[in-house]
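First subunit A sits with subunit B, and in the next complex the same chain sits with subunit C.
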Partner chain A sequence: MKFSRRDFLKMGGGVGVAMALGGGFVQWTHWPESDSSNAPGIEKWIPTICGQCTGGCGTLVRVIDGWAVNIAGNPLHPLNRGTLCPKGIAGLQALYDPDRLRSPLKRIGNRGEGHFEPISWKEALHQVSKVLIELREKGETHQLVVLGGRYRGLMRSLWERFLKAFGSPNYIDNQFRWEDPPLEGLLLTQGIYDLPAYDIEKAQYILSFGSGILESFWSPVQMLRGYGHFRRGRPGLRGRFVQIESRLSSTGIKADEWVPIQPGTEGVLALGIAHMILKEGLYHKAFIAEQAFGFENWKDSEGREHLGFKEFILSEYEPAVVSKQTGVPIDQIIRLAREFSSNLPSLAIGYRDRPFHQMAVSVLNGLVGSIDVPGGLLIPRSVPYRPFPSFSEDTIAQRGNSQRPLFGRNEGVGSPSYLFAKNVISGKPYKPKVLFLYYTNPLFSNPNPEYFFKAFQEIPLIISFSPYLDDSTKFSDLVLPDHTPFERWQDDPVFLSNGFPALGIRQPVVSPLYQTKATGDFLLEIVRELGGQIQKALPWNEFKEVMIYCLRGVFEAKRGDIFGLQFDEAWTRLLQRGGWSVPTYQTFEEFLNLLYEKGGWWDPVYDFGERSRVFRTPSNKFEFYAQGSQKTLFPVGKIKDSNVLPHAEDLKQGETDQPYPFTLHVFRTISLTGGRNANQPWLQSMVGQHLFERWRTWVEINPETAKKMSISDGDWVWVESRRGRIKAIARHYKGTLPNVVNIPFGQGHRGGGRWSKGIGENPYHLIDDHLDPVTGFPVQGTTKVKIYKA
Partner chain B sequence: MMHKWGMVIDLDRCSGCQACMAACHAENNIAIVGPEEAAKGRTIHWIELLPYIEGEFPHIKARLLPRPCMHCEHPACIKVCPVGATYANEEGIVGIIHSRCIGCRYCTTACPYTVRSFNWYEPRWPKEMKGSLNRDVSVRKKGVVEKCSFCHHRLLRAREKARAENRELLPDDYIPACVQACPSQAMYFGDLNDPFSKVSELSRERRAFKLLEDLGTEPKVIYLSEGM
Partner chain C sequence: MKRSLILAVPLLFLVGILLWNQAVGVEKSTGYVLPGEVKEGWKVFTTKRCGICHSIWGEGGKGGPDLGPLPKTYVSPAQLAALMWNHGPEMWGKMSFQKLPLQKMSLKEMADLFAFLYFIRYMDEPGDPNRGKAVMEAKGCGKCHAIQKGQKEDLGRWAMYINPILWAQMMWNHEPQMEQAMKKKGIPWMEFKENEMTDLIAYIRSLSSNFEKIYLSPGDPRSGEKLFSQKGCIVCHTPSGELDLSKKKDFPRTLTQLAGLMWNHSRRMWKEIEEKGLERPLLSPQEMADLVAFLFSKRYFDPPGNPLKGKMVFNKKQCHLCHAKGKTLDLKGLKGKVSPILMAQTLWNHGPEMFEKMRKEKVSWQKIDGQEMVDLMEYLNQGMP
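This part shows the complex of A and B:
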């Protein structure tokens, strides 16, 4: 395709008109004039929510002649205030990916070969409802499974309500990611199984235990904004930041200090630091006295003595012991403990390591009292949606719902998806008949995807709703492509790093490019086909109606306001504290219009000291001894005290060291954080900027180690584990431990289009199927590999 | 007084996220360079995050530095251009007249900051994408050199707008795409001739330095160093 200057002039011919009419470049600090007409060459900036990751940033999309031509941050959205990360900007290439799916597809030929023929939406609806009606008639409703990935808001509620009305207990959540904050740690210490907020803007000292806060955080832009403020936003105060990680990531590069550590032992170092804080008496005595449980030895209601945190840690985790396991020198452990406890407010942030390593990081925040205080770990309130009306299930649904769920785990802790796959393979308690894939791509983005390959082969009908022919969609029988986030309505309830709840509204900025359909709308069409009690439970015609139904709760909450410029924030807060609520809207219609026009709603207040919200543990306190875990994690048998106190977990190291001398560390760079972004050339051209790596997969080796093995910088090598091998470019990188090799995640798609398929390799194919017994997810940093020249 | 546009990059705020690079690509219709060409080092970035890694494991000091065109007061690129394709305007912005460029690449060699890229290929976009190009910036042809323009087209638009509204150009009217996108607010842009502008103030800070200052190029991009 040639692109001449003449073409370009033709295309841009309208620009002169736009300038003459004053529709020029928008001042980013000002709200652009809204222009309802869509005359040729006139630009509009339409607010929506980015869909490139789970971050939830507000964007403004510049639309000219029906084309989206640029994406900027929405200056009113408090999460990103007019800024974006590289993924957000590259969203344009996700929308205009030339290899997007253009209509519903039906598989022809064998599964996984990727041969499909287009069908109409009418035909698609007919096929899906026929299958579902059949399940209902045969009383097999529980054999419908929805595997859902990383998205937020009412779509999740809609799926769950649909399944309940239909009669299946099988919504399988596939969101688990190593890079997420320590959720299990928060569950064990505070009884909350949801993301916390880290108030980094007000923190003085951040100790990151392998958390890629500047690369792979679940909401990167608010972390990046917070980081800028943490460093230079407070005159006279510059926050100090220490990164503990096996690899020198770009987060590590930006840190004041990088502490190299053996992979998977970050939590053990946290225990060593806790030991020193206890030993030197540097902990926050008031917090421990008033808001903590299990710090000292204690007696339960039956009079039994229990070991407390202090005695346990003091006896078990001497710096010498910790140093040996982690490779971190003793004096450094002592110094970090002193720095962490004397630069308050300080924050410890970990990753989703093994649960009691996560807990070890979480208790550090408790030790210094950084819970529910400015600059500490905060528990945000949720967005006050109106709940769905109650409904009654019919007898078929009741029978289906009473079946054992396929993930079998109680309380929903950890990742149910691997247990689901395991049960599908074994066929116990039963095999699913129909699988819906929504916003998830397990054949690519789950460690050890073969696990899911095997499971998928056992399922007779797989239906994917992805807008792209990703690896899992390629393996499906029916593809019903969703709109991209630029073409549909969706709510996005989120919170800011200072704990304020915010609600972004995603709205269509361009008309759908192809014959795609919003999955929410399609689901409601199916509901109408099924009729009966199911339709009574979901009486809406399209997803937007669902959204508006629930938004009424936000309108009626008498809190918060539509997004405004920053000075509004203080004003709203002042009014609300005084018991006033004077939002900029009076009627619900006004509220909705303002929501769409400004991009969302927020409640710029954080209520400190609401114990019942912050500590949902049995003791209603911060638990150094995880009482709550007894029910959730160890449902059977008697437990030892040391099992529910933070402790070092078995690392399975040294097992097969001989043939596989290196530990594999899989990391994410900011460009390809999600599994969703490889189809965007802008991101591909900056994947590994620290080594100028682009468009391929590389393996980082310590230069000394590589020299000993006669592997030069830039050689092709095989990286082999017990599970398989991949070919990659060897790169000498000084930020690598001598016994570890690092491979980035994000490349190596087997499906996808011209810019992702067959480019690079997916290191997840090397990961061992060693699952953590509590989270049910593979353990990061236990896979061993060897390397040799290709 | 004439404006003298300049940029300040605070490396202590910079998180190395590369939003500036992506924003620049989108704003300036930078050609898509695929995997084969990229392997030959032919990618084009008007602003690029450069790594500096010093020391030996485990005592490493690494830095990440976003590098746009420095828009030097004494640019080496202009002196070597045999056809007058590179010029500096009266406000100090160094530009390229692409239709004059003969592709000799003297300038890419002369530039001490290696900010210039050569178009080895005819730029190609799939037809599904063509309408999403920025209509304010021309597309470069094969065989010409290109580089950062401080988003000069944004200045032109801002001037038009100010004139239409019968007012002076305000400091916020004109900022390049990279500065607008930067999430950690590490980048500042403005008039270095105005002693009270943010960039002037910052350029007088103790932490301020310029790249390869001893060459006498006098860059108008000023960095603020990391640390205290």
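This part shows the complex of A and C:
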């Protein structure tokens, strides 16, 4: 048998995976003898962007004879500067997953059974175009829905433009995570509904309210690097980090102090801390005087008196009251307030709790003036893409776009995906006919996935673009597999913790292994089939052309530069501060070539003091009284002052303690942060490092509680809520409150291949459907469970 | 290689200034060393760890002075060398305390460092928006310029212009219209002092951030020189004439100060242009950048010194105790080679040793001013006659 070097490498791609599996290694040891010499192959290191999570780290992929064989961090990418997390290193396992989809598929059995037959791309294009043309002919364009997940950049703009030209108002975000930064808090206080930057490198004191910034943040590597600098990067200055949460997470373990607290009451503690800062007069008076609104009682334009933040907090959140709710001792509340306000710059970081709990954390930053200052909360500028050319919608599109969207009233706020599911089930205002799933797996990644199963059953045609047969793809009718991140072009605009915008370029490092197609390219093919105004709106042949079109804006902005060493960073910043532009390129072609060669572009400047960028509230100030919320969150009826001031929200713990005595806390680990990496054996093998757990789901119980219940460490137990039960290994963990149990998220898939399907359990099946009225997302810390031996 | 070329080319603003001056300046005849490159100077600043003690506009160490905003007046290379000389003992003491080893510098590195320090000093330090707001109110700008979105005269739109040269250009071109409008409204003519313009720009920049900022490519002093003639500037500002800008003692130190100065004098200038029947010279942003590059370039080098005075300095400062003719450390060999950069380099590399010897000989460290340094250099360049 002849065996070429190419064949060898083709198999070799799976060696890493096979080695990780142990058992799989044996079959690779029976390689046939090669009849060619073992000459060294042609090696290249190609810069690209990691696609394992939302972090946006720059990587260098070692490619030999066209096969990716290793991954390292790109030392020029300012976000990770050559470092990577375990997910990044395991990236090749996503590329070489033996269960990857290899061509377009068409369902042949019942929905959800997972029976498909391969079809050609031509056939796939024909089928999709036919359906879309029908929608256009019948004037039902609004019944096309795109459900998009967690990704960034121009692909999102492309979807939105496509829908606008086609005639549907239904692009729906399915990317809410409790672990995200407090977006609603930022909206209420600063009028911005986007991710802020936390300048942790320059902070002196950090109060983290349940934020897993060192493990499950949107960009964990960046945060870990920043944390290293915060603790050891400044001679003579070691920042202090306090972690407030119900479970001792990896972040908590690294902190100087862990403050155990009842789940869901972190925001209440923030109110108690605010109370003490106000009471002792420790707030930043200049910031409050010049840049804040609603701190004191105030009168509106009609002369009506309104309650201000100070009076409200002083009257409602005495430490004794807060201590009772949170379980945090009064002395500790007082000490934290003093430490936070006297070690400036200090930062309060929260999670995506209920909106006014988020606001409670956000106002702490306002109280100490840590807004738009070094070491504080920053509002990054965006990457200056060239906007798409203008176009006019045809009459069909106009009619479709004028229909009510399917994601409810709070447009752009919260998690429209739940409202979408609710509307689909009720059929009001209408039912969708076609659903596109792009970069999302709602049947796995949302609490209470059954809700989405129910909604999906109502939709006649579901098309998934996933490269894997994940839970939602398995439930689809047509599967049009995208390339993996190592096989496609994509832009990745991010920002750094110091607010600098950066643009990473994801480029193909290998030729596509299978008959897959970049979704952007396929979408443009559909556009050509549809023709007319739609084609005029999207006149490109492939996604790379779209990217290049928009990148011209970055080139012409005459700011920033190609990724470089830290020395270059300071130089560029120095020049730009003086108003000079001296980039390393002169022509657009040079710019593009350097972009691909170095991995991206960035602008190492943060402009402090641009108030209109930082405060987009009605007052153009930091709002302790959320004036803007009336329009965005409470559009109907009059509201009480106390409703728009930060306040303790009802936890809605609907169950009595008797049948379900424990509060369920779901957490994420660094290896399976997004649940999208469960098909990678290396990550499954290290999912619970602190307890040496792997390849299964465990439930953390306080050792004393477990002892009382006669549950030993390692026993199989059932964890049961009102919604259902899952089986897990009981693990005694001291970092657990006596009345709380913790279960990791990331396992328990119903699809996704051999290393994902049926491994462990998904705790989201236990979550109650107490939806927050503002965000439309289930409320963290409200699900009660009981435990018993299996 | 390509990258370094690309990097080098656009830095015309200073590099161009320096090389150009090297060709035309008085110093050429005295054999001054080639002035350095700005970016390389920044590299020296970082690799030689100057940033441990010195910051640039607040970024860097706090042990020594911030080299961005200081000093307040224009500093020539000889003055800079003199400053380094005067503060040498204090610097070495602080370095010793911080256990920072003395890192020797080559002549090229010192030249680069000088280029860098010259460059940053004429860029402006960040302004203070609060002071800028006060300036805006005090000067009555608000009477014509609203700070409201959507209004024609909204100054918030100007937030995009972050390079002060753009301000200078726009204010220069629109001065006649502004003057008329001010007259109509009975607003007295106002002038900007010191950093008032910088603060005003900082304030306006803080008002709006909805526009992409506009940056400028560095100017070319050669083009600036041509423009200086083409636009008729040379008619009034004749070289060696009364209004020769290179001799102006209060020539602004920074670009924004220059913008302010142009505004302050624009009324008079426009009047004189009219009286002389000249055409009003309007300038594009890049033309203004080129012109400014030319004007700053004329000020880079020190005027020649006086060797006789230099000899007096040599003796007064007790240099002769070690460096007299015939002694081991005879400086006669430096004939024709001395420049501020050489002086600074020698001081940096041998200063601690000199200081120690002087301490042992009970000779106190002699301070020197800029003019004394110029004369001393001339004396050494002439071979210590």
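The rule we apply is simple: the second predicted complex is superposed on the first by the 746 of 790 C-alpha atoms of A that agree within 3 Å, B and C clash if a C-alpha of one lies under 4 Å from a C-alpha of the other, contacts with A are read in each partner's own complex, and residues count from 1 in each chain.
Quick note on the criterion: a residue touches a chain if its C-beta (ideal position, glycine included) is under 8 Å from a C-beta of that chain, and two chains touch if they have at least 3 such contacts.
Please read these numbers as outputs of a predicted model, since none were measured by experiment.
Student: With both complexes superposed on chain A, which partner does A:486 reach: first (subunit B), second (subunit C), both or neither?
Tutor: Neither: A:486 stays clear of subunit B and subunit C.
Student: A:116 in the overlay: touching subunit B, subunit C, both, or neither? Say first, second, both or neither.
Tutor: In the superposition, A:116 contacts neither subunit B nor subunit C.
Student: State whether A:745 touches subunit B only (first), subunit C only (second), both chains, or neither.
Tutor: neither
Student: Go through the superposed model and pick first if A:70 touches only subunit B, second if only subunit C, both, or neither.
Tutor: In the superposition, A:70 contacts subunit B only.
Student: Which partner, subunit B or subunit C, touches the larger number of subunit A residues?
Tutor: B
Student: Just checking: does A:607 make contact with subunit B only, subunit C only, both, or neither of them? Give me first, second, both or neither.
Tutor: second
Student: Contacts for A:351 in the overlay, against subunit B (first) and subunit C (second): which applies, first, second, both or neither?
Tutor: neither
Student: Pick one for A:287: touches subunit B only (first), subunit C only (second), both, or neither.
Tutor: neither
Student: A:777 contacts which: subunit B (first), subunit C (second), both, neither?
Tutor: neither
Student: Give me the intersection of subunit A's contacts with subunit B and its contacts with subunit C, in residue numbers.
Tutor: none
Student: Hey, which residues of subunit C end up touching subunit A in the complex?
Tutor: Interface residues on subunit C, with respect to subunit A: 3, 6-7, 9-11, 13, 39, 42-43, 46, 56-57, 59, 120, 123-124, 126, 129, 156, 159, 161-166, 202, 205-210, 212-218, 255.
Student: Using the touch rule from the top, collect the residues of subunit B that touch subunit A in their complex.
Tutor: Within the complex, subunit B touches subunit A at residues 10, 12-19, 21-23, 25-27, 32-35, 38-39, 43, 45, 48-49, 51, 53, 55-58, 60, 62-64, 122-136, 138-139, 141, 154, 157-158, 160-161, 164-165, 172-173, 175, 180-186, 227-228.
Student: If you look only at subunit A, which of its residues touch subunit C in the complex?
Tutor: 381, 384, 557-559, 567, 570-571, 574, 576-586, 590, 594, 607, 609-613
Student: Please give the residue numbers of subunit A that touch subunit B in the complex, ascending.
Tutor: Residues 1-3, 5, 7-8, 11-12, 14-15, 19-20, 22, 24-25, 27-30, 64-73, 80, 82-90, 92-93, 95-98, 100, 214-215, 220-221, 224-225, 227-228, 231-232, 238, 248, 250, 252-254, 256, 258, 260, 513, 670-671, 681-686, 689-692, 694-696, 702-704, 734-738, 755, 759.
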